[in-house]
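Shared between the two complexes below is chain A, which pairs with chain B and chain C, respectively.
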Partner chain A sequence: MSRLLEISDLRVEFATRNGPVEALKGVSLSVGVGETLGIVGESGSGKSVTAFCVMRLLDRAGRIAGGHIRFRGEDITRAGRRVLAPLRGAAMSMIFQNPRAALNPIRPVGLQIADVLRAHESISAREARERAVALLEAVRIRDPVARLAAYPHELSGGMCQRVMIAMAIACEPSLLIADEPTTGLDVTTQKTVMDLLAETTARRGMAMLLITHDLGLAAQYCGRIAVMEQGRVVEEAPPARLFGTPGHAYTRRLVAASPRRDSTVASLVGAPEPQPMPLRPRQPLLEVRELGKRFGTAAAVDGVSFHLDAGESLGLVGESGSGKSTISRLVCRLLDPSEGSIRFDGEEIGAIPAGRFHRSPYRRAIQLVFQDHGESLNPRFSAFDSIADPLRRLLGLRDGAGLRARVEEAAERVGLPGDLLGRFPHQLSGGQKARVGIARAIAAGPRLLVLDEPTAALDVSVQAVVLHLLDRLRRESGLAYLFVSHDLNVVRMMCERTIVLQTGKLVEEGRSEVLFAAPRASYTAELLAAIPHFAPEEGDARARAAVAG
Partner chain B sequence: MRGIAGRAGRRFLSSLPALLGVLVFTFLLMRVLPGDPAIFFASGPNAGQAEIEDIRRRMGLDKPVPEQLLLYLRDVATGNLGRSMTTGQPVLNDLRGRLPASLELTFCALLIALVLAVPLGILAALRPGSLLDHGVRMLCTLGVCVPTFVSGLLLIYVLYYLLGIAPDPTGRIDIFASQPPTVTGFLLVDAALAGDWEAWWAAASQLVLPACTMALFVLAPLARMTRASMLAVLTSDFVRTGEALGLSRRRVILVYALRNALLPVITIMGIVFSTMLGANVLVEKVFSWPGVASYALDALLSSDYAPVQGFVLLMASIFVLVNLVVDLLYGLADPRVSIG
Partner chain C sequence: MSATLRHVGWVLRGNPVTLLAGCGCGLMVLAALLGPWIAPYDPVASNVPLALQPPSAAHWFGTDQLGRDVFSRVLVAARLDLAIAASAVSLSFLIGATVGSFCGYAGGRLDAWVGRFVDVLMAFPLFVLAMAMVAALGNRVENIIYATAIINLPFYIRFSRAEVNIRRNLGWVEAARASGNSHVEVVLRFLLPNVLPAMAVQISLNLGWAILNAAGLSFLGLGVRPPTPEWGIMVAEGARFITTGKWWLVACPGAALMFAVLCFNLLGDGLRDILDPRMRT
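For the complex of A and B:
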């Protein structure tokens, strides 16, 4: 098989304030005509940098320090604009993470597709328009003629990514690079977008370079997978072999840390299974009845009822727009409900205005762990101050040995080394910031922790450690969790009971192991079926089916 | 379109309280300022107490301040801005006669500034840290640092006195040229309407020096804003998309980057325009330009209340109007924004 793209011994340096930093340390990869190669790895592994090198989209600070990139046998490592311009978009093109930002916000999508067509072919505006309609149809956008005039902000994230795909395939390139194409999209949208990509590339004989942090996704859609770690390719193999008998230690860790249908929190980090929690007497903690929240005329949450016992963990799952985040904010009393009641510990707290809840004695009993651990820490607060903040404000502790002891205790419980307490958020890693956020939430001694997608922004190996930590905390201290996530596997592992939401309404509720094994609602089944997974044989079969189809 | 008009109307109504606040504030400010207008406008230094008292009564200054304020508000509501003691004319007439002069100057200056600043900002952003970037920064710094009366005088010295290219820097039109019939008050427009191209040329050549002086002063905010916003947009995802899909450099820069980068520049433009209209009194003074700002300054120096109050009200109204226009423009330029 002739190689379409050949990368050999590629080295890239980034100029930083502390001198050059090597981002790629000799990467060699190749993609054949019509082949799909996956590159997996965690943040900082260099997978995106590799793709940007091929397209020559590195920003000013980045520099190719050595090695070669050959496309169709031609060396394009140092090719100028003149050589690249006809290649980019026409022979190789790329789609990106965060599709809405990747489209020009103030230009109708039809014109953006036409821009690509007219950059490579001398056709009239009218022809370009007709071709754009055909392309939108090809990426299965309903009513394509009407959508031509739409702006990106009027389309959903999945639709934006389809438009992006339409632009990328407009001039029939032979290589498509997809850089985390479905990160941030709902699981069902992810499935439709990925199926569309697989089918399109197969039908048009295009090769695809799929860059992802999601091993399941790579396994399901790629014929071959390269694992990258810190600027190097550590292993390259077909999915079945990679996941069946991973050769490199890093691959083994990565595979182990990725949640699967049968994994448990302990198995992710290779820890022994904890003792099952002893049966405890039922002691209701949170009782939500007929909860509703309207924004304008649209109901974000519509008549949702559930309850939570002390020490129990309840998962809230659903796609974007399902109302799961709104419910978490209502329960945290950051939002006022439009109707219904929220009873905590037998007391009605839904009636206390959100603006005044911080003065309520229940504020310290209900605490929140946020999704973005970096953004939710005050950049001017050291880790110590962040953890001490609720103690100062809610418990009225003054600076001194007492406060210091409480902060250190909280830090110890989340496994944050004491010498990191003096550091500021930008001096901490993602996992450390997550620990600070959790320590802050448990510092004031809450009884209910609301976790809003606590691991969505973390790499899988860090996610595994944080999930293990959260699970241990709950077992040790009898905290109750309201766990919001779009990741069904995570919820299944973390929560005893699960609630499935769709457009603000409760669809299904049940014990997690039952609900996930045998969902009653068709929506739940649909969500479960959309999760990419790497049962190896099955993944291979699907890839083959996609190519054949 | 009707939706936009409705929103614009609501926006205008909601700015009325601010206008009222400006009215009251200026009124009170004028009353606290030192200087007694009655003494100032008395016939001479040895005018008798009786004469001063008489003037004071005629100006309504003998009444308590709250009553004066109410009377003033009533007058403003009926469109009466009072009478200038210096010119003897109703303030409304004075302002009406002078506003076109200021507006014409400001519009031209803004146009010159934009024509220079936007390309300079783009060029600087395309090559940050280059010689060109530093050159633009230097020019901007100079424009801001050198006071307008100095740069104005310099321009006059070089172009009028040394080289003799520019005409005599006094007023809006050469006193020997025929004045076109007044329709809009804008000499360039009136001359063009009358088909009197000689007068148009005379007015234009008078306008060039003061307009350039003002343009130089506002070059900095516009060019710097263009550069900063261009730099941000050039690293954005959609510009990267354009590059990745092989759009020409020209198209990426002009259609993808620039149009997005100009959005914040529109906002700055509104602020710059309002500021120029009132704050460039020095340019009007240096070039003997019969504008509203120099009129207000003269009135202020002679403790003539009515023109100053009228001027501040006018400026506030223009500020509100300009902001409204900017919001509407922004709404048209950016489909994501709906003003409300």
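For the complex of A and C:
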């Protein structure tokens, strides 16, 4: 097979105030005609930088310090605009991570597709319009003529990504670079978008460079996978071999840390399985009845009832718009319910207005861990101040040795080194920020911890460590967890019972192992089927089916 | 502390204009503090035989129609002009940032009402509004301050409202509430400090503008009255002699005005870089 794209010994430097930093340290990769190559790795591994280098979209601080990029045999490493302009969009195109941000918000999508066509071919406006309709049809957008006039904000995230794909394939490029194309989309949407991508590239004989942090996704859709770590390719192999018998230590760690159907929290980090928790007498802690929340006329949560015992962990799963985050805010009493009751420890707390709940004695009993740890820490507070805030406010502790001891104790319980306490959020890594967020939540000694997608923004290896930490905390302290997540594998590992939500309504409830093994509701089964997973034989079968279809 | 200094040093090395502007502002503050003591002559003592002398070694900026030393007057005037500007800007900052932050955080009816009030205020030509206020309230320095503060208010309200609005749904705001902070505490302890770096730019630009505004009012005969040394009045008085070639009467206080406005405007950008904690590594 002739090589369509060849990257050899590519080195990239970024100029920072502390001198140049090497982002790529000699990366060599190649993609054949019609081949799908996956690049997996964690944040900072240089996988996106590689893609941006190929498109020559590096920002100004970045500089190609060495190596070569050859496209169709031609060296484009230092090519000027005149060489690159006809290539970009026409011979190679790119799909970006956040489709809504990558589309121009003030231009109808039909015109944006036409723009791409007319940048490379001299065709009339009418012809461009007809081609745009055909492209929207090709990416399976229903009623494409009507959608031409739609603005990005009028389309769902999945639809926007399909429009991006339509733009990317408009000029029949021979190489498609997809940089985390489904991050931020629901699992069922992710599946339709990825199936569409696989089918389109297969039918048109296009090569694809799929960049992702999700090993399951790469395994399912790529013929060959390269694993990157800190600016280097550490291993490259077909998925079956890579995941069956990973050669490099980093790949082994990555494979182990990715949740599978049969993983446990301990197996993710390679720790010994903990003792099963002793049976405890049932002691009801939280009782939610017929809970409802309306925003305007739309019901975000509609008649949801569940209960939670002391020390129990309950999973709340659902896709975006299912009302799971709203429920977590209602239970935390940051939002007022429109109807229904929330009883905590036998006391009705749903009737206390959210604006006055900070004075309630139950405030310290119910705490929250947030999704995006970068956004959940005050940029002007050091880690110490972030953890100390609930202690000052809820326990009335004054500055001094007592406060310092409590903060240090909380930091120690979450495994945060004491010398990091003086740092500000931007000086901490993602995992460290997650630890600060958890320490803040447990500092005041809560009895119920609501975890709103606590690991959604983390790399798999960090996620594994944080999940293990959370599991250990619960076992040690008898905390009850309400664990909100879109990731069903994570919920299965973390929770004893699970609730499935769809558009604000409860669809199914049951013990996790039963619910995941034999879902009763068809929606649950659909969610489970959409999770990309490792089993390589199945992945191949699916790719073949997509090609055939 | 040394980390802060290193950071300031780094910002200034990358942006020498900020350093120059900072030095200029420092000079003006020195002049404002020490003016009456370091001025070579009494700024209000007239000496008619020496009237309308051009700049010389004895009188750097020349003398005016009553023989007063223009350099001494320009120097001493710095205190009054900076004081008016600083108090007007701090007044409108304190009120505007607080009101705007609460509006941005609360939204709803309060936000709508304050928003319309701000719109109405901005619909007036602001300088004319200030003139009318000083004329109605009385020709006094404190009324210039109030008038300048009120016409600057809308900018601070809008600015802080928008800045708070984009932050009010972030995780750390919800976390603050879960940590037991009331709505008022969330605004005052969490949101306002985070809006400050962006506001610093506005404050700095606004200081220059407020100086110009105060000088403009006294140029028109409102507020400060002669013989008090003040840049606006000096320009107004000197304007009578410009046709007879006595340029230094207008040019020297005018240049002082320009210098002040320029320094504060240039300082703005650098201030934002210095105050934003995320800029530090």
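We take it that the second predicted complex is superposed on the first by the 544 of 549 C-alpha atoms of A that agree within 3 Å, B and C clash if a C-alpha of one lies under 4 Å from a C-alpha of the other, contacts with A are read in each partner's own complex, and residues count from 1 in each chain.
Methods note: contacts are C-beta pairs under 8 Å (C-beta built on N, C-alpha and C of every residue); 3 or more make two chains touch, one makes a residue touch a chain.
Predicted model only: the values in this text are computed from it and were never measured.
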Once the two structures are overlaid on chain A, check if chain B and chain C clash or fit side by side. clash
Mind working out whether A:H426 is in touch with chain B, chain C, both or neither, as first, second, both or neither? second
Answer with first, second, both or neither: which of chain B and chain C does A:I342 touch in the superposed model? neither
In the superposed arrangement, which partner chain does A:V304 touch: chain B (first), chain C (second), both, or neither? neither
Name the contact category of A:L501: first (chain B only), second (chain C only), both, or neither. neither
With both complexes overlaid on chain A, does A:R17 touch chain B (first), chain C (second), both or neither? second
Looking at A:H358, would you say it contacts chain B, chain C, both, or neither? Reply first, second, both or neither. second
Once the shared chain is lined up, is A:V116 touching chain B (first), chain C (second), both, or neither of them? first
Clash-bearing segment of chain B relative to chain C, given 81-89, 189-197 or 315-323: 315-323
Write out the stretch or stretches of chain A touching chain C in their complex. 17-18, 329, 332, 334, 355, 358-359, 363-364, 366-368, 370-373, 375-380, 386, 389-390, 393-394, 424, 426-427, 437, 440-441, 444
Contacting residues of chain B [partner chain A, same complex]: 235-238, 240-249, 251, 255-256, 259-260, 263, 333-336
Chain A-touching residues of chain C, taken from the complex the two chains share: 10, 170-172, 174-183, 185, 190, 193-194, 277-278, 280-281
Which residues of chain A touch chain B in the complex? 55, 57, 59, 81, 84-90, 93-94, 96, 98, 101-107, 115-116, 119-120, 151, 153, 164, 167-168, 170-171
